[in-house]
Structure formats: structure tokens, C-alpha cells
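Before we start, here is the structure in question, set down as C-alpha cells.
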Amino acid sequence: MHKMRRAAVRAAIVGAAILGAGVAGTAQAQAPVKIGLVLPYSAGPFVAIANEITDSMALALEESGYMAAGRKIEILREDTTHKPDVAQAKAKKLVFEDKVDMLVGPVASAELTALFDFAHQAKVPLIIPNAGDNEVTGEKCSPWVLRTSFSNDQIVRDMGRWMAGKGFKKVALLAFDYKAGHQLMGGFKKPFTEAGGTIVTEQYPPFGRLSDFGPWLGKIRDAKPDAVFTFFAGPPATLLVQQFKEFGLDREMKLAGAGWLVSPLSLPSQGKAAAGVIGVLNYVPAIDNPVNKSYQERFQAKFKRTGSEFGAQGYDTGKLIHAALTQAGGKTDDKAALVKAMHAVRIEGTRGPLRIDPRTNNVVQDIYVFETELQGDKVGYKVLDRIRDVQDPPNGCKLGG
Amino acid sequence: MTPPASHSRHAVALLLAVLAVGYWLASGYYGKELVAETAITAILAMSLSLLVGQAGLVSLGHAAYFGIGAYALAGFGQKLGWPPALAMAAAVAVGALLALVVGWVAVRLAGVFFIMITLAVGEMIHAWFLKDRSFGGVGGMSGVPRLDLSGIGVDLADPAQFALFALAVALLVYLLLDRLVLSPFGQTLRAIHQNEERARALGCPVGRYKLAAFVVAGAVAALAGTLAAQRSAFVSPELMTWTLSGEILIVVIVGGSGSLLGVSAAAALWIGLRHQLSTMTDHWMLAMGVIFVVLVLVAGDGIDGALRGLWRRIAARRAARRAA
Amino acid sequence: MIIQLLNGLQLAMLLFLLSVGLSVVFGLMRFVNLAHGTLFMLGAFVGLSTVEATGSFWLALAAGTLAAAVAGGLLYLGLLRRLQPAGPLKQVLVTFGLIFIGLEVARLVWGDYAERLPGPASLAGATEIFGVYYPTYRLFVIALGLAVAALLHFGLERTRLGAVIRAGVDDRTMTAALGIDIDRVFFAVFVVGCALAGLAGVVAGPVLSVYAGMDMGVLILALVVVVIGGPGSLKGAFAGALLVGMAETFGQVWLPEVAGMLLYGLMAAVLVLRPQGLLPAGPRA
Amino acid sequence: MTAPALAAEGLQKSFGALEATRSVTLAVPAGGRHAIIGPNGAGKTTLFNLLSGALMPDAGRVLLGGTDVTRDGPDGRARRGLARSFQRNSLFPEMTVAAALMTASAIADGGAAAFWRRFDRDPARADAAAAIAARVGLADQLGALSGNLAYGAQRQLEIGLALATRPSVLLLDEPTAGMSPEETRAMLALLAGLPRTITILVIEHDMDVVFDLAERVTVLDYGAVLLEGTPADIRTSDVVRRRYLGERTQ
Amino acid sequence: MTAPLLAVSGLHAHYGPSHVLQGIDLAVPAGGVVALLGRNGAGKSTTLKAIMGVVRPSAGSVAFAGQAIAGEATDRVARRGIAWVPETRAIFPSLSVEEHLTLAARRGGWGLDRIYDRFPRLRERRRSGGGTLSGGEQQMLTIARAMTTAPRLLLLDEPTEGLAPLIVEEIEAMLRSLKAEGMALLLVEQNLAFALAFADHVVLIGKGRVRWSGPPADFHGAAEAQAWLAV
């Protein structure tokens, strides 16, 4: 079965290549399609994520030999150095100087804020491969800014009901005190309380400094919840998972959270302490579909580690762009048509079926509830539940569509 | 340090400006962005040069005034809807006011303690904006208004035109600060720097002069901040990190702390080098760090001192040839 | 409450290990070694690699400490000693540059991913103390911090070398005039301070995680400790670390609105009201 | 009767257990020339610092022209017409002689606050500086950096800086310290030539200088006034001879 | 004639632009006592500092036991066997009395017992901090500290200055016994009577130069010497 699926994928790739070659004959003289990547490659906490997105997108584009509708696809990388103003300047450079057809970026929300306005005003498609601010595809939405990753709300909206349904009636919330933290906790809270759950305590430590969760975990223990629902990523996530165990809270309550808490990027540093955590996310490496299987195989062969949700988003972004370019017949001069093509395509991604919702420009995707468990002497993932076709309401976005 | 005769100084200023405009003409889009960034950095560095080079006050929290200028512009211009020109003036005033309050206590301290208190206050302000959600916290805030110069046919939303505008402001700041440096006030700051006890014995209320210098530096840094906010129409706490303060301090030292033109040239070198290196490698910070250390090691009196030395040597050789 | 006290104490001891070297160097040589945090990070990474290679946390502790000591020694001999006549500003700036070099070297050698430095198996789990369960490793951190503090106190107050160091802080010229090679003593102190930073890095590894850039956050905290306690003073570093550890822990819990600013406010207040610090180095009663 | 130009009333100052100054009272009439002598550790420098405002007394008052200035700092007293020179040269080493003198006069007359005028284009001030330079014998050194001057010339500039503030009272702290005999003679001539509109109080070890310049001499010992009188009184005093030369009658 | 223990010749030193020493020549024979006289600011203290290497000589030579030591680091000069009792006394405020006495102790130097027997006051105060001592106690401690380093030559800078008469006598007695034991001394002293009675040889400096030198007995007869010192 395994072999069969791989063969199917291979056939699909070959087919796409032939198709591409066929069209190429008619449009040989055309200049390449240029895609500008604006990501923090050299500084700050998101270097690993930036590289994972870029590498995975390359994997997706390699499948078609960097060709779409007969046009070569060229990737231009620019480094934001984790500074919003640099991100914006680099985006402008890509658009005005290098004449890219679309932008892909960034990772951090501050950089997104800086890029958003520019893309909106310059009417250049900006495809967000990882940043979850609800407003960007909600009240602030722009016809030019599309998102292939997720909105914060989208990740957690159904988790409240799920948790309440599983008997976690008293939950403590814990996230950094910033926009994403509040959006994810808020998105969880409302459906959860509507489903009969109680929030026993909410803790928001200050963002961005050496953090020891000891003080916060102490407060949470005093509140005696059934579970803690959290949002952390990167080093703080590692810290929290370890300290949760160290303080013995794992014997009294369940640790749950937006799935970045136990991302494949963090698992090596979390060790066995990461086992038994419930996560909810748009991706988990254990997703059982042929695209994901193929993606993970190729990624692991090349980079000797498990591809993360960031990589999966990068891969799917590459696929979506490729599909849209093909749909548009390789024409990129009309940016509005390009966006329309993005709206029109439907693909099977690593996360299952994907499309861009024309009403919000946010992706419509499946959301997975999973649990980490010991598999041999390593921690792995087990999918508990799959919530299909999760689509954001317009949330004040007036794109219509 | 005595400034060189004004005609040669202004000639160098003009040369720098011409070089900048020449680069602006020759470069593509991103080059113009670099010109704008250089101009803003130069203004910030010149303001710190007034403190470090003239008054001898080494601040490691200068980015706070830069950031406060940017945030104040965002607050007045966007949140309160004031006209951009008024908001900009008010933002500069806020920078000055903050410097007045901080300076009131800080100028009593000397040496490394002054460095530490400026760092502490800078981090405090940074922490406030990191937390406060009405300005977007870590995510920052967009939609900062730009000055409307359509009356003179300038559109600041156009990066190329904005670069020229920033350059013009930098030139203006240079002229003003140059005037200040050459005035009795500037002369007195240098006197305090060279010998505080003597200045006091001559009747100089030393604290008040230092405070005045601190306020002027804060106001000019805030002005640079308003430009930075207008350039990207965006503000975030990244504008006021202590590492930015450190970088600007290095620019000032590399330029020759007391020389407005030296530090401006160092700002250009800094931005140019960073751009060049970052296009070559993702590990450009390593190269920058090494260059940093080497420059500080060999800097002596900085670019300014090196050029003066060169000039003296040329003059000496010419004199020798004439004599021969 | 007891847990929070222990948390505060644990953070305080970590900060003490980190800042005591910074403080004494500041007091002796009148300059701030901004690369001190980098040595902390170096200790953590070398410890990490040692654990990966040998599986032994205790070897890692030794290796990380040694690595930071060697790096500190080279730094002093190669750069800082030469800069001494140039004055403190240049030393501060050079060490500021070293922060970036250290960061990038760490990225090049150890990559961009956060890693976990596992604590020793013998200290895994929790121990009951004062009626609460508390992570054993953290109790070890507290004990280690107290032990190092006691050892340093003994060394500084009860040994001849300690007396030499105090004499050097009081009056460098007179100490030399008694035939003591004060430069060598200072070098030794610098190296020991760096070694402690490396030790702190390894010890912090299992509590925080190890990643390029882990030095930036702790550096400022260490500076706050030094300034609050009083530069050059062991007691000051200890008191400063306690104060900062507790303020950080209880401030976040009780005053979350201002917690981010609390420490800096404290530091500024100390600078204004008692610029010599709370427990400065100085005369004995 | 007019108030003395400079007066100390019962000045006291202790450093820990050390009583550096014990109830020192003295008065210098306008235009007077007064010297303070005493062995090392007698409290001369402390007294000087109390008078100039560098130290605050534990008790007692300092009066300038009858006005109580005890609570003023050194800059406040300077603005009231008190100028001082330093025992160790205290100059602006990176300024030319002309710039240093102009700065001193600008600080003294409040012109230093001007931030729009050009400092180097103020002919009136430059002329005044040149006049002072000429008075202290530095007329040909106007363009030289203070830090590069020979030691003797630096001592002269030390006096020049004080004079540039147009003082009514001048405190001189060992004006000939470290000078060669020739330089000392030149300095003496300089001081002797100062107008009587300036009241002078001088601390000096060189007795030639003291007896040449002063009309009255105060001898300090152990922080207290041992004796006050004319130079002739002092010269012939056994007490002074014994204390000052340390000759003990055993 | 054997070479003197300490031979200084043509010594120059500057403080910044101030030419403090302008060619000092003097010699201290082993076991001899030389008094260095002169007004304040004449350069006496600077001469001692230049010998110790605290002030770097700008010209001239210093030989100790036949070895050239001018320009050597202070700590090396000290280890050669010269101890310095500075005018400021330079007590370490953060060290106890006993720590002062063990800090730099070397073989052959005075031990604690000997010091405490000689200065019972120091025994009483051996746990006290240096900053809490009275002037007399400080002076005793400074001399005792110097003696722990087993010096062959002691440089004393106004050891009796500012002290109460009783203490002065105690210090003077101490110096006499040091002399009797054969310790070489170079003594800066303002107390003319004591200096003349105590020293084997007198060197008078004024304005950075040696103005007179000779045996104490000749001093009162030398008018030019009187002139460089007198009121």
C-alpha cells in the first residue's frame, strides 16, 4: 500500500511535468515568474522557521521543475533581519527593483504589520506563510493579502467544544501577553464556556524576556483546573513543557495548547517530558495522506529531521502558488486575475484539501487535534480528531467574494 | 577638540551630500531606501555625538528617544488625528520633555553610572511599549501618517522622494547642530567635558548645561524617530532596543565622537556595510561584529581623526615641497 | 507561596552565579564586560555538546565551566588587556561587538534550533520540602548557588588571595608596592568570573533551554543585579541577585501590569539614590 | 565701615574623627593681599575648599562682600565674583589659550548660554582674552593648545582663567608650586601687578612669595589659626619658627 | 669602598608637563640612614615614588644592590627588597589589621608576634578594619606592613606627620631600633631636629634638584642649605 501510494505520487509529479512541458512550448520567450520571499533569515528567533518555509517551498516547486504554465519560476530571497522596517524596505526592493510578481512572507506579526500596508497600497499579492493575526483576514483585510497558514481564531475555535466534550470542564489559560496570545486564548475561551466549561484562571506573562514559568505554574496549581490550555512556541514552549513536568503538574492536570507547543522543532529539546500533551493545529506530521507522506519522506531524506508545520505551510504555499499560476495560464501582469486564480484553485496539501476563501483571503483547511506519546524511546504524534473544512467567518472583512 | 575652519567643514558636508545624491541618482530602488536609512541614522548619530563628543555623556539608551519620537508621531497623528506637521512637532517636543525628565536625574551621575541609568531608563520605556496594547505591543502599529508636502510637489509615500526629504532634514540638522557646537554654549559643553571642576569654579552651572545638551539630543533623536516612523508608516518596539543604542554609539565612536560630519560618514559606512554584507551571507552579523571590534580597536579619533591626520600630512608635504 | 519563594530563590542563585563575575570584574577593572552573557551561552553550548557526546551532566558542568574560563582568559589576554589604557568606553564597545560575534559563532556551530540540555538522572523528579513538592534539580541549583556563594565568601574573606583581591580593589598602587603582581591577580579573578558564567550556563541549561541568543535576555538582568547590589562586591551581587530574583518572580505574579518595567525602575532608583549600590565593596567595620 | 571683601566666621569641618578646620575666622578687606601658611596637614587646603565652595562647612559662615554665600556651590560663588586658581593645574587641555580665556569670560558673564551666536566670531571677547593673555605673559601663545604649554606657562594660564572671570576676590592655591626660580619670579611680578580692585588670598609655601606679596599672614596649625599678623610679625615669631620648621625645644 | 645599596643618579620625572624631578643624585649605603629634606613640593615624595616605580622616571638611573631597576614595575621593585611607607599611609579600608600583616608577608620578614610585641595597640585591634584606625595606629600598621615583606631598604615618607607627640616619640623610637638593627633607611622628614639627629647623611632638595648634601653636623653651618628650607 505504501509503495502504491508513492507510485501514485510519482505519477502525479511526472504528469504535471509533462503538462508543464507541453505548455512551455507555446510560451518559451516569456520572462520567469518571480516570487519574492521576505523572511528573517539572519537574526532573531525565527531563523529556523524562515529556513524551513523556504526549503519546503523549494521541495514543492521542484516537483514541477520550477515551471508553471510554461514559465520558469524564480525565487528571490530577502532577509528581514527580524526588523519590521527592514522587512518593508526589502519588500519594496523586491517589488520596485526586482519586479517580483508576488511576495511571500513574513513570520513575525510585527513584520506582518509593516508589510501589510505596503502590499495593500502597492496592490501586490502578499501571501502569508505563517502569521496568525485574525485582523489581517478579518476587519483589516485587503484584497491583496492572502494567507495560506491560518488565523489564530481558526486554530482554536473548535477546541473549546472538543475539550469540554472530553470532560475537561475546568481549564486554566496561559499565554504571553501580546496580541497573538490574547487572540488564541480569547478564541478558545468563548466556545469553551458556551459548551459549559469554566476558565478558572488566566495568566499572561510579559513577552520577550528570560522566562521562568515557575511563578505562573504555581498560580495555576492553586486554581486546580482539569487542564491548562496554552500558546507558546520556540524556546518558551520547551521551557513550559519541561517545567510542567518538573513541578509535577502532569500528575494533576492535562497540558494542552495550540500545537506549536510540541512542534517537531521543539521536540528534540523537550525530550520525553513532551509526551502526553494535547495539541490542536492545522498540521501534525502524523497526518495520514499521500501528499504529507511524500512531503515528509523527501524532507526527512534531505534534512534528516521531521518537517514541521512551518515546513508544511511552506510546501503547501508552493503548491498553491504553482496551482494558481497554472490556472492563470502563466499570466502574471494582471495581479487581480492572479488573486482570482488563487481563489479558484483547490489543492490537496499536506494538511488535506486547501483553498483560499475569497470572502476573507484566509485559507480554508482541516484542523487536527493530536496527542504526543512515547513511540519507542522517542516522542511521536497520534491524531485524535480531525475537524474538516474550518472556515473563518468574515469577522468584519468586506471583500464579499 | 577644535572644529576646523568653517569653509572646509561645510565643503566636506557638501561633498557628503553630493555623494549621497549621486548614489541616489545612480542606484536602483533599494539604494534610495539606503539613502533614507543613512540619513535617519546620521541624524540619530549626530544627536548622540552632541552628548558623547561635546558634553562627554555616554548614553546607552539613546534609542529610547528615537523610539519615543516615532511612537509620539503615531499617537498624535493617527490616534488623535492631528495634522502630521503638528504631530511631528509635538513628537519632537515629547522627545525633549522625556529627555528633560530623565536628564534631570541622570546628569547627576558620571561615567559608567550614567551609561547604566540611560540603559535602565531606555529598557524601561522599551518594556512599556512592549506591553502596552494601545500601541500594538510587540506587533507594533501601522498607518502612521506622513507629512503632506504635496504643496511643493513632494510625495513622501514615494520612497525615492522620501530619501531626498530625509537627506534634506539631515542636512538641516547638521547645520543647526554645527551652529550649536560652534556657539558659546557648545564651547562651554566642551569645557565641561574637558574639566568639569574648573568649569564649575569659573561659575558654570554644570548640571544645567549637561541637561540642556541632553534635552537637545533627545529632541533631535525624536526627530529622527519621526522620520523612521514616516519612512515605513509603522512603529514597533524594535525602534528602541538597547542594541540599537549600542550600534549608534559605535557609529559615533567610529566617526570620531565630536565630529558631526565624521559620525554622518560613519553612519553611511555602517548602513552600506550592513547592506553589502547581508546580501553576501546570512551570517553578516559575524562579519559586522569583527569589523566592529577592529574599528573600535584601531579607531583612535575615528574617521574624523584619520582624515585630519591625512590632511595634515598632505599639508605638511605640500609645505615641504614649497620650501624645497 | 513557598513554591514562589523557592522559584525566586532558584532564579536568584542562577543570576548570582552569572553576575558575580561581572560584578567583581566591574569593581576591579572599572569596565563592564558586555560579553559576559556570551560566555554564559558558551558554557551552555559546550555543556550541551558534552552531554550529547558522553551522556554525563557532571562532565558537561566541568567542560562548560572550563570552556568559558579559557575563552575568558584568551579574551582578556588578546583584547581587553590591550584596551586598558584606552579607557572603559572602548572596552565596553569591544565587548558589545563580541556579543554579535559570539551569537553568530554559536549559530554556525550549534545551529538555529533550541536544544535541551538534560539534567542528571539522579536529580530528576520532585522532592518534598516545606510541605510542597519541588523539582529536585531546582533545589540543586539553589544549593549550588549557596555553596558557590559560601565558597567565594570564604575565599575572599578568609584567604590570603582574597585579602590580596580586596587590597587590589582598595589601592592598586600600594598593593603592587608590597611586591604583589596585581595584574596577574586581576587576570585570575577575570578568568574565575568567566568560569562562573560558564558554570551558570550549564546549570541553566536544564531549566531554560539552550539556543543562540539565550545570552541577550540574561545579560541585562545580570547588569541590573550588578548595579543594584553594588559593583565589585560579593555581598552586593548576592543581595542584588536575591532582590532581582524575588522581584522578577513576585512582580510577575502580583504586579503583572508593571512587571516588565519593575526591574529597570528598581535599577534606576538605586542609581539615583545609592549609586554605589545597596551593598558596595568597601570599608570593614 | 565697609564689609570685608572676603570673610570666614568660625568655619569648622571634620572628616570622620579628623578635625581639619577648627573655628577659623579671618577677614580680608577690599583690595587686600592676604596669605595663609602652615605646615603640611595644617588644614590650608580644606580651608581653601570651604572658601571656594568645593566643601560645605559643618559650622560657620563664608561672606563675600558682606553677603552670606555659605550655601552656594562653587559656581554660585564664582558668579558672585569669587575666582580661584588650582594648586595642580586645572585647565581645558584641548583648548587653545585664546579659546580657554574666552570660554572663561563667557561662562562668567552669562554669554555661554547663547547657542545661536558664533563663539569664534566675537571680536570684543577675543580682544579681552588677548588682554588677559598679555597680562599673564601669554600674549605670544594665544594659538597654542593649553595642554601643550610648558609647565610654567600653564601656571600662568591658571591665573589667567581666574582673571578672565573679572573677579573681585581671587583665591590662589600655591601659584608657584613646581615652578623654577625664574618662573617663580615672573609669577611674582604678575601677581604684584594685579590691580587693587582685586582682593587676593593666597596659600603659599614659598616664603619669598608670601613676604613679597602679602600685607597680612595667617598661620594655620592643626586646623586652627595659630597666629595672624604682618609678614614682619610672622618672621620674628618664635612660635611659628618652631612649628613651621619642626624645631622642638626639648 | 663598596657600592651603595641604593644609588640614584640624574633622576628626572614629570607629572604631565610639570618637571618635578630635574636630576636627583643620592646614595644609601647598606645599613645607612639618609634623610631627604626640602620644602613642600620640592620633589621629596616623588623621589621615593620614582625609586619604587610608582612614578615612571623620564631619565636617569636607579641601582639597587648593583642592579638597574629604573623603569621596572612596582611589584618587581618591591620584591627586590625595597619597602615603601607612603605619606598617605595607604591603609586598605576593607582589610583587617591582621590581614595587612599577612597579605604580603615574605620569609625573613617580621612575623605577627614580633609586630604585636612591638605595637601592642595593633594586637588589640587586629580584627578591626583598616578604615577604623586612628592616625597613629595607621602609621604603626604601615611600617609594620612594610616590615613583613623582609625589606633591605625602607623608604619612609613623613612617618610622623600629623601625629600626636606621644605617638611621634613611639615612631621615632621604632625607627631608631630599626637603624640599630642595620636596616637601611631613606627618610623624608619635615621634623628637622629629628632628621638631623637621626640621619647619617642629609640630602636637601629644592625645586626638583639636590641643593645641598652632607653630614648632619654641617647642616646648620651651611647658609645655602638654610636658605632652601627656612622661613
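Worth pointing out:
In order of appearance the chains are A, B, C, D and E, and numbering begins at 1 in each one.
Operating definition for what follows: a residue touches a chain if its C-beta (ideal position, glycine included) is under 8 Å from a C-beta of that chain, and two chains touch if they have at least 3 such contacts.
Small disclaimer: the values here were computed from a predicted structure and weren't measured.
Contacts with chain C and chain E are shared by no chain at all. Least step count on the touch graph, chain B to chain C: 1. With centres taken as mean Cα positions, chain E sits 32 Å from chain D. Centroids of chain A and chain D (each the mean of its C-alpha atoms) stand 77 Å apart. Here the spacing of chain B and chain E, counted between their Cα centres, is 54 Å.
Put simply, the C-alpha centre of chain A and that of chain B have 39 angstrom between them. Those residues of chain B in touch with two or more other chains are numbered 127, 130-131, 283, 285. Residues of chain A in contact with two or more other chains: 47, 177, 206. Shared interface positions of chain D, i.e. residues touching 2 or more other chains, are not present.
A complete list of chain pairs in contact reads A-B, A-C, B-C, B-D, C-E, D-E.
Taken in their complex, chain D has these residues touching chain B: 52, 54, 73-76, 78-79, 83-84, 86, 90-96, 99-100, 102-104, 106-108, 111-120, 122, 161, 164-165. Of all residues in chain E, only 15-20, 39-41, 134-135, 158, 161-162, 190-194, 207-208, 229-231 touch chain D in the complex they form. Contact residues of chain C toward chain B in the complex are 26, 30-32, 79, 82-83, 88-90, 92-94, 96-101, 103-105, 107-108, 216, 220, 223-224, 227, 257, 260-261, 264-265, 267-268, 271-272, 275. The touching residues of chain B, counted against chain A in their complex, run 28-30, 33, 37, 127, 130-131, 133, 136-143, 157, 159, 228, 231-234, 236, 238-239, 278, 282-285. Across the complex, chain C meets chain A through its residues 3-4, 6-7, 10-11, 107, 111-116, 118, 126, 133-135, 137-138, 206-211, 213-214, 217-218, 221, 248-250, 252-253, 256, 259-260.
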